[in-house]
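Look at the two complexes coming up: subunit A is in both, with subunit B in one and subunit C in the other.
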Partner chain A sequence: MYNEKTRSVGMKVFLNVSGLLMFFGIWELVVALGLISEKKLVAPSAIFMTFIDKLTNVVPDGNTIIVHTLTSLELVLIGFVLSCLIGVPLGLLMGFFKPANRFFTPIFEIIRPIPPLAWIPIVIVVLGIGIQAEAFIIFVAAFVPCVINSYTGIQATSKTLLDVAKTAGASKTQLFFKVGIPSALPMVFTGIKISFGSAWATLVAAEMIASTVGLGFMIQQGRNAVRPDIVLLGMSVIGLIGAALTGLLSILEKKALPWRNLK
Partner chain B sequence: MSKVKKIDVYYILSILSVLLLLAVWWAASAVNESLASPGQTVERFFRLIENPIMGKPVSVHILASMRRILVAFFAASVAGVGLGVCFGIFPTFRRMFWPVFSILRPVPPLAWIPIVILWFGVIGDTSKYIIIFIGIIMAIVINTYASISETDPLFLKAAKTLGANRWQTLVHVTLPNSIPAIFAGMKTGLSTGWMSVVAAEMIAAKEGIGFLINMSMKTTPDTALDFVGIVLVALCSSLVSFVLSVIERKLCPWLELDVK
Partner chain C sequence: MAGTGCKIKLESVSKSFDDKIGRTAVLDEISLNVYENEFLVILGPGQCGKTVLLNIIADMEQADSGTITFDPQSSGQTGFVFQRYALFNWKNVLKNVELPLKFKGAEKEQRQNTAMKYIEMVGLKGFEKAYPSQLSGGMKQRVGIARAYASGNDIILMDEPFGALDAQTRYQMQDELLKIRSKEKKTIVFVTNNIEEAIYMGDRILLLSNKPSKVVKEYVPDLERPRKNTSSQFMELRDEITANMDLAL
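Let's turn to the complex of A and B:
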């Protein structure tokens, strides 16, 4: 009922392209006709020109777009990698060993609902202003999905598999490493993907902490200077890199977990 | 087998862990003088009730944040479910607009803040509602669309056999079947939404919990006030999630019947 089997490939491609063309066409047109002031919105073509310009131009935010991008990437990767290194093992332990579950769950449930941004004042007092404070905000944002997915994944380990291993004489540690972890891996990977998304989404918030470089900083400066082209360029770059890295993680996932494709 | 339940000794660990958390917090505040202790936080809360900031009692701040998230949440739920259903049941609509949605989706809600402020100004609630709305809607659209397109074909065929038209199938089969997924999307959206509330209020607001958090960074750091803000956000977001779960259970009583 909800399928489109009768539709030809050419028609599908046409529809896909027409939506995008319409979106960018109307956008371009609205600006060209002057329906919206240049101080509020610039055309997609103008954003591209700003991109070319920002490759070498450091006005108004003090750095080229390449420096901003690399700084932001470094910051997000630090927070994200740390959250995986701590969050995944923690989630696995919490999901598999009852004492670990009872001990860590209350702490986790207390920390979980706190929006990452609300940590900023405390983090500034404890860690000062700098990359540690910014990375901590990203760490907090990325940490939660890592833990939840690893926890859920290992809890869903098939009872049959565990029983078979037990019958074969496996110890609790062996059960954890040889049965629990492999069967939780798909969920763990999904968690890592979600947590990368959260980490990247928190970039702008982290760079609110007195930073002087980075994509989030760049769009704040763009707003202060009333340069919608800079703001929109920053948003586009953040969006594109986020999508590209999420795609990369999906490819890694397929390579790391080949059995997942055998449906 | 005896029916007497074994007392779960591990519950002691839960109590221990919370105590440990408080102890660590207290120790950290003893080491770092500008970091407020748990006691100072409680005291700060009572001081906040006695001496309102900007002449506004704490209830005004709580209600302001609640109003912002609830209005944006309601709008995002209606729009998000609507859009998700359209993507799910109109192939032409999906073909045309899913690519557009897909290029907007990876832009994080907080990255919208500067442009929304350029468009709608920093003063007033319009930009805040829009920022929070963007934060909430994405997860709802994706979950609604995914669950509708994954409806068990058996249900659809059964409805068709019984003579249901498109509209009846949607109202009686597809939508009820998608409710749990839609609610999951709403909950995900809400946690992004709370982050957006705090962000929007930290940037420009005269009241709200995010405003309190931002005030804690003015002049001398007042981390006790930040902790008060953190506790308030956590309580409010738990309250909203709880109400949502109650509504979900009322809407789909069959989930409770899921006997193993």
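Let's turn to the complex of A and C:
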């Protein structure tokens, strides 16, 4: 069947794929033509070979790529999930109830501008070296967008809808759960996606805290061992998994909010 | 026509708002009665405070002074139809119409039966599962009307319910509303700035002035229904009201 819709879908896929092919093609070519030395930049094909090798080889960083990846995923998920569990309710409460807003906003506004990396020294002293400290750094990075988006989302609840519910006899709690939260959900989801991005992007920094395993650690080790292929492999895996999980969150969002994107 | 019982009695209701340029008086000692089962139209120029008056009756805003008394047999609660529909985007038609009953704590089955009855009455049978974003403006307002009726309140306030619709849909919805009303009697207070709509719909029309609004005049159109906006009496009344109506500022 050939119609407008399949044509536009086909066009989208074609543009997606050709964009990727061009990116990797140029990269491959630059190395193949010797414009940049192979010692500095490794071609995608060589990275792929390293990937195959790292599935079983533990040199130079002590673990296979699978172990590094799973460890990093676990770390990011702990920090990210915690930040959602605490950040989303906090933002919603702050946005809906004035006393909560007055109480929490000053603290939040002071914590917000501190970059996650600035926490590292104090976190090592308090939590020691290990997964707790690393997860905390990721938590801090993911926490802020969760709070801000939930807060902004629920504050934008239509006053008329609140009136509708109020005149129908809704209590303040019902207004919060039945009107405020559902109307904030699209923004909450945006916040969650941004949070995930921040969490994943902070991974390498968090694993600088004396890790012995993880993608960030692998990149560090690759650098020390002058193995640009290992460094680029670590970067590639971070990029691919980040994109895949963000896509997964978008699918979840569509499932959770079926009333959006309707024709 | 209207029964004789007084459903709502407003006495000297005044309201002002503070804004950048100072204090603006919006309602100036408004007194009026709303009688049982009548279709009362409150007609006034744009921005004259009609909506504020309706919000005060619905208890969404407080008057500065004056009293509002409901017939003791009435719950004092009202169904409300908003100009901009005010539907819950994340709920389908059925859930939107059920909502007032849900907040009142009605059982699920009773809720659904009542909601379905009114969805059918406004001509939306088959659209129960549709979301508001899938409906046209006219259909959205049908949902709004069904919701107000399903609330179970015997007084329904309508705030320029057809103001956001195109002219054709507007005529259609006017007839639809009169049809619904003939099926189930309710006391309706209908706000509009459209003179023809007022004459076409109203058992009684109260004309408000520019703000601070006062009730300027009362009209009881002595026209047979269905009214024809081309009949000579209709046009006479329209000319008379036009002559007495302030221009919107």
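Observations
Rule of thumb we're sticking to: the second predicted complex is superposed on the first by the 239 of 263 C-alpha atoms of A that agree within 3 Å, B and C clash if a C-alpha of one lies under 4 Å from a C-alpha of the other, contacts with A are read in each partner's own complex, and residues count from 1 in each chain.
Just so we're on the same page, a contact is a pair of C-beta atoms (placed from the backbone, for glycine too) under 8 Å apart; a residue touches a chain by one contact, two chains touch by 3 or more.
Since the structure is predicted, the reported quantities are computational estimates derived from the model, not experimental observations.
Once the two complexes are laid over each other on the shared chain, residue contacts for A:249 go to neither subunit B nor subunit C. When the shared chain is aligned, no partner comes close enough to touch A:77: not subunit B, not subunit C.
Once the two complexes are overlaid on the shared chain, A:167 sits against subunit C while remaining clear of subunit B. Counted by residues of subunit A touched, the larger count belongs to B, out of subunit B and subunit C. Within the superposed three-chain model, A:257 lies in touch with subunit C and out of touch with subunit B [touch as defined at top]. Once the two complexes are overlaid on the shared chain, A:46 sits clear of subunit B and of subunit C alike. Contacts of A:117 after superposition on the shared chain: subunit B is touched, whereas subunit C is not.
Once chain A of one complex is fitted onto chain A of the other, the partner contacts of A:183 are limited to subunit C, with no touch recorded for subunit B.
Residue contacts after overlaying the shared chain place A:226 against subunit B, while subunit C stays out of touching range.
When the two structures are aligned on the shared chain, A:103 is found in touch with subunit B, with no touch to subunit C.
Counting contacts by the rule stated earlier, no residue of subunit A appears in both its interface with subunit B and its interface with subunit C.
Considering their complex, residues 58-60, 77-78, 80, 82, 84, 86, 88-92, 99-100, 103-104, 131-134, 151 of subunit C touch subunit A.
By the touch criterion stated above, subunit B contacts subunit A in their complex at residues 8, 10-11, 13-14, 16-18, 20-21, 28, 32, 34-35, 88-89, 91-92, 95-100, 103-104, 106-115, 117-119, 148-149, 151, 156, 160, 166, 169, 191-192, 194-195, 197-199, 202, 210, 213, 216-217, 221-223, 226-227, 229-230, 233-234, 237-238. Listed in rising order, the residues of subunit A touching subunit B in the complex are 1-4, 7, 12, 15-16, 18-20, 22-23, 39-41, 98-99, 101-107, 110, 113-122, 124-126, 200-205, 208, 216, 219-220, 222-223, 226, 228, 231-232, 234-236, 238-240, 242-243, 246. For subunit A in complex with subunit C, the touching residues are 158, 160-161, 163-170, 174, 178-179, 182-183, 185, 257-260, 262-263.
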